[in-house]
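Please find one structure pasted underneath; my questions will follow.
Chain nomenclature is as follows: A, B and C, assigned in order of appearance, with residue numbering initiated at 1 for each chain independently.
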Amino acid sequence: MKLSQNPSIPKKAEGLLRDLKLMLLLTCKRIIALVLMVLIGVYLTILIANMGGRVDELRLVQIRSEISEAVRGDLSFRELDSAERNQLIQRRVDLEVQRLNLDRPFLLRSFSYLYRAMRLDLGRAEQMHSDKGSREVHAIILERLPATLLLFGTANLLIFFLSVYTALWLSRHYGSFMDRIVIVLAPTSAAPAWFYGIFLILCFAFLLPILPAGGMVRAPPPEDNWNYTLSVLKHMALPVMAMLLSQIFISIYSWRTFFLIHSSEDYVEMARAKGLPSRMIERRYILRPTLAPVITSFMLMLISMWSGAIILERTFSWPGLGTLIFQAIGHHDTPVIIGSVVIFAYLLAFSILVLDIVYGIVDPRVRIGVSR
Amino acid sequence: MRYWSERLWELRRYPSALLGMAIIFCLVGLSIVTVIAIPYDEALDRWRGGDYWRMHPRNAEPVWLNRLKGGNKPKTLIISSHDAETKSVTFSGGRRLRIPLHFDYDFSAFPSEINLFLKSEKHTREPFARLTWHTPDGREIPLGGRRITANDRFSLSQDWALERRLGQLPHVGLLARPDTDSPEVLSGRYTLVLDAVLFDEAAEITAELVVYGRVHGLAGTDHQRRDLLLALLWGTPIALAFGLLAAVGTTLTTLVIAAAGVWFGGRLDATIQRLTEINMILPLLPILVMVGTLYSTSIWLMLGVVVLLGIFSASAKMYRAMLLPIRESPYIQAAQAYGASDSRIILHYLVPRILPVLIPTFVTLIPAFVFLEASLAVLGLGDPVLPTWGKVLNDAQNESALYNHYYYWVLAPALLLMLTGLGFALLGFALDRVFNPRLRRI
Amino acid sequence: MMTEPLLKVEDLRLAYQTERGVVTAVDGLNFEIRRNEALVVLGESGCGKSSLAKALLRVLPRNVYQYSGRVLLDGVDIMALNPEHFRRDVQWLRISLVMQASMNALNPVVRVGEQVAEPLWVHRGWSRNKAMARAGEVFELVGVSGDFLKRYPFELSGGMRQRVVLAMALVAEPELVIMDEPTSALDVLTQAGIMNRLKRIKRELGTSFMLITHDVATSSEIADRIALMYAGQIVELSSAAQFFAKPAHPYGKLLMDSVPRLHQTRQPDHIPGQPPNLMLLPSGCRFVDRCPARFDRCDEDPMPIALSERNEVRCWLYADPTETTNPRELIKTPTPVLETQPLSKEVLVTAQDLHTWFELKQWGFIRAGYVRAVNGVNFHLYRGEAVAFVGESGCGKSSLARTLLGLHKPTQGEVVFEGRHMHDLNKHELKQYRARVGYVQQDPFGALPPFMTIRRALSEPLIIHGVSDPKEREARIRAALEEVRLSPADDYLPKFPHMLSGGQQQRVVIARSLILQPAMIIADEPVSMLDASVRVEILRLLRTIQNKRELTLAFITHDLSTVRHFADRIFVMYGGRIVEAATVDDLLDFPQHPYTQALLAATADPDAENAAQERELPGGEPPSLLHPPPGCYFHPRCPHAIKGLCDVEEPPELEPRTGHYSACWLHEEK
């Protein structure tokens, strides 16, 4: 008598090889999906920006003023009377409008805008220029990007690791003094980072002047690398601290709660019954299965931080994208503002992609895919 | 209903919830009082600035703050000619008036500014006035003379000639003890004597001497002499309304849409899912900035955009994840089996099931939107006419308030914002513990 | 020879602190387990049996209020060991655990092989390879191929996961394995397969077992001894032979009587009342409220009274050793026999060639195939009869129910109800049709909206079907509650579902299904989530109502033993098809189809003999509904399969006995 037969299963590549293949597939799928998402997102941005033809109007005014200035300034047109001159200007404006396809319906043009935006050809700024003197919007933006990445990358990673590990520690010390402190402080995260920034500047730059109130590096910038780095670090201290203050308690609190909920899962109890050491239980049985949602919430935090960047940078005069947008608002420099939105969309999409891939690595359920 | 009342009754065990509710009640009460006491149009009109505030000092700090610091900074003194003993001598073709404007000055600091407002009426020819400043120690400082228009203003502080003569800012020099190195206040009774010649018998002249102080009211004033109290008070209902409307707008629509997507599934669900994903890469704040610069910075437009972008926010995914298992739950199948319609299932069976989990999220969302509005204002994209906390902060930043040590200017709106944030967050966290079944288990 | 017991528990107590008060889950237990002995702890839900398992292995929640007593393992008190010592020397190496609901007992993101091998490298310091090799051996032992070592839990079927959890418990060769409801969520055949494995392991490895279960039939499969638990106490401790033949405690007696049996014509009874609240335990005997043999002495707390060596009972009836009282004679429960109506010949429902397939999609839009949930089903249901659809999970019985309810549209074929074709119905008529068919579900708590009071939940169908007068609604709600014997109605109307017991919830669900005056009720596993003592009660209620109202009752179940007294005809389903149909007695006594025979072989009536023998079972798993095998769906598992016939051609429906239909080629040969 045969007690049981092993049901035949299709042989698949086992272990690492299979995982690699699946990861590659997942990455490709996500890239395609995200490119599509960016495409639609940017197109929506263009639509919003041009709702009611506002951008066109601005451009028309700009073209007209440029041309009339050129015509007035041109000596060879001195003799023309005003009527003739106006005619000339009109002719030139029409030509320019034709050249820029401004006379064609918006729907058609929107696609050419889209094409250009996707290639990061974001047009020329109206007022602003990069430090190197370029008026290309993408040059202006790319020049500011590293500063933003430095500040927000540092702060986010710091918050992420600090809060996850503190949360793990607290979930083990449920009800301890530290635990209660975190619960009490969690609501303080209702305020955004820039808000704490104001207080920090007040405290550490004015009342107790030990740290710089704004900027990214001392002026004039120090010559040698070591001092330069030191100066940047000093300037980073307050903004990073502001972000930390506004995010850290809520992150610790929510992850602590999350780990607590998950530490009553059956498989955690099973691991405890198996007599595994508590560090191993924490790592393998609490952290690993919950990494996916932890990463999701990190992603959401990242996204909200990208948005918050604008205002935090403005508070600390950090020369990044946020300050750029703020300056662009001041100058009413439309191309720069639209360009920044596009760049932000790219940044968000990229963050999502990175996290999707990490998601796939940490969670086999995502990688292998549960068919429902 | 009993479920709700029982849960809410449980809240009393959380002191944080009680504190949060107390804060919220205070803010709501303040809003109601404000809206009743200062009508909307009047508030807007005053906030536009200008003549209404001419008697107010610039950048004065709150009175209580000065007290707290133990300082003795001057208050604003207004001396009107109505209270003065006017001597009048009539002569042919006119009158000669001598109006002494007395005031006692015993503050430790100099005033921030001195202005004299003159009003002459019922005249055909403009009167002429000459001013003399009498100090307590008997010195007389002539301040010159001029013809007076119908509504005239003598800005003593901006009298360059006088400044040069005194060697100091006029509002310092006029009240300083003579012959000291660093200016020191000479306390005692000062008099500004106004000698006016009126060329009409019927003509009247009234004068108001304003010795601007360095403290004002409960909240101080800004660079345009506006009383910050107005903005702080009116900022409350605006912030609460914006936060509440935005939170209601986003959560309810998102919830219903997510529920519909989950229930009907298929194409609708897929479309909603894709829209959410696209929405995830649309940066909210930059888009608001874009809309603000390109179209209008009206708070209602911003609210509309926030709600519109919020409909397909990440929370739609969260609701979907919560609703998916509920969709399969037996009671829904039972409802279907006894013939409940689609809309009934969505609204009566799906949505109420996750409302308890939603309430805390909703409450914690309110301050998020309050801060969003403030953020926009700080970026200079605040509503052009409404007095809001964010705009106060923005003004303060533009005037480098921190650098100039006008801390109150930043602190008051910041504290109010913080209070709002804390109030809702405290309540929200407690609600979460009461309503979230997963939290109840630990 | 008196041997030293392997495990000796003395006065074990465990209580939790909860929001509402202290819950005493385990209240002074004393028992012992000898080497190579299997002790079954039998009890209803909430009697503290799961807490016992956790208490022994010290897997305690945070809110422990009291945890005391002595647990001697080979004479050493392991309760006194410090946590680190206990963890390293006792846990898993000497005592291991198979947890309840083991669907979740495996870490979803770690490969199962690693999870099984883990205790070896943690406790024994083995190398990874050596541990994995051992894990492979244990996999074979429990009947899972070593190929699955590198799989993740979600890639395994429920039965396989349960075997993996079992492998995990056995990997370090512990002396004692504690199993908490190891098979309760599994299908009949899988369950029997795992019990077979356990018997063999016990015989070959000499391991001791402690099996915790609520299911009397399962307990008889392995038990040497039985510990009957009630409200945190052991009320009877005796050998399996003794217990199954003649339980001493009144509770044991009633419990045995409430078990529906396959081969017994006597109707099972239910135990009235409910177990006491563990927060407010009554003084005196805890069973007193439900005990038919109670007398004045029951107000005192009974002490365990030894009946013979190693047999004891907590009941005052046995206090006087001179008087040999048998509770069986004391308890006089009337056994009303349900009167069944003669079968009418008016057809209510006809299913013709009914197919319900679901499209399976990949990547959201590409069709990956069809799940053939209902795959060609024909039957007539007559007015006023009760019909049981029996089959394992995944045989399509629930999909059939939902198709009959009009929740799924049939892909092919049709349902004719009261002479009308269902696919001809328009929206309005469909709604009316739904009023004619009531639905009773498996999970009574889930079937009631948790945010609605009973009144609201019951008025919903009425509101939907246009009963706008609140007075009329109230009257009908009260009448319905009366009919399901929930009275007085005022006690229940303002309550929320979670305030009622499982049995009461199910009554409300039945009341709701009746409130629109249906002609047919579809009950999908109506009792499988209820306690044994309540099951019979609900089934009897359904049967009574069905008879009184002359309803057609379609009763869907996986458990053949409940069918005998509560249905007139049986349809056995396999792989989305009906393989056998007959009247109850004929089918149970003369099963024709090999699958039905296998099902019957796997279904046990409680009997001490069960432990001695392994059951003969077909191997393999139920067919994939996505890619069903060609020919007869059962042929890959069928011991009598005819090569070249069964695996090629679908068998026709034959009639080997009069009125007894079976779809199998074997009957043709005859």
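What we mean here is this: a contact is a pair of C-beta atoms (placed from the backbone, for glycine too) under 8 Å apart; a residue touches a chain by one contact, two chains touch by 3 or more.
All values derive from a computational prediction rather than experimental measurement.
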item: Chain nearest the overall Cα centroid; value: A
item: Two chains sharing the most contacts, counting C-beta pairs only; value: A-B
item: Mean-CA-position distance for subunit B and subunit A (Å); value: 31
item: Distance from the mean Cα position of subunit C to that of subunit A, given in whole angstrom; value: 52
item: Geometric centre distance via CA averages, subunit C-subunit B, whole Å; value: 66
item: Residues of subunit B touching at least two other chains; value: 442
item: Subunit C: positions in contact with at least two other chains; value: 62
item: Subunit A, residues touching no fewer than two other chains; value: 174, 264
item: Contact set on subunit A toward subunit B in their complex; value: 33-34, 37-38, 40-41, 44-45, 48-49, 51-52, 54-55, 174, 183-184, 186-192, 194-195, 198-199, 201-202, 205-206, 213, 257, 260-261, 264, 300, 303, 306-308, 310-311, 314-315, 325-326, 328-330, 332, 334, 337-338, 340-341, 344-345, 348-349, 352
item: In the complex with subunit B, residue positions of subunit C that touch it; value: 62, 364, 402, 405-407, 430-431, 434-435, 437-439, 441-443, 446-451, 453, 460-461, 464-465, 494, 496, 509, 512, 516
item: Subunit A partner contacts - residues on subunit B that touch it in the complex; value: 16, 20, 274, 277-278, 280-287, 289-295, 314, 364, 367-368, 371, 374-375, 378-381, 393, 397, 402-403, 405, 407, 410-411, 414, 417-418, 421-422, 424-426, 428-429, 438-439, 441-442
item: Residue numbers on subunit B that touch subunit C, as the complex places them; value: 2-3, 270, 329-331, 333-341, 344, 348-349, 352-353, 355-356, 442
item: Interface residues, subunit A side, partner subunit C - complex; value: 1-7, 9, 14-15, 174, 264-267, 269-277, 280, 284-285, 288-289, 291, 362-365, 368, 370-371
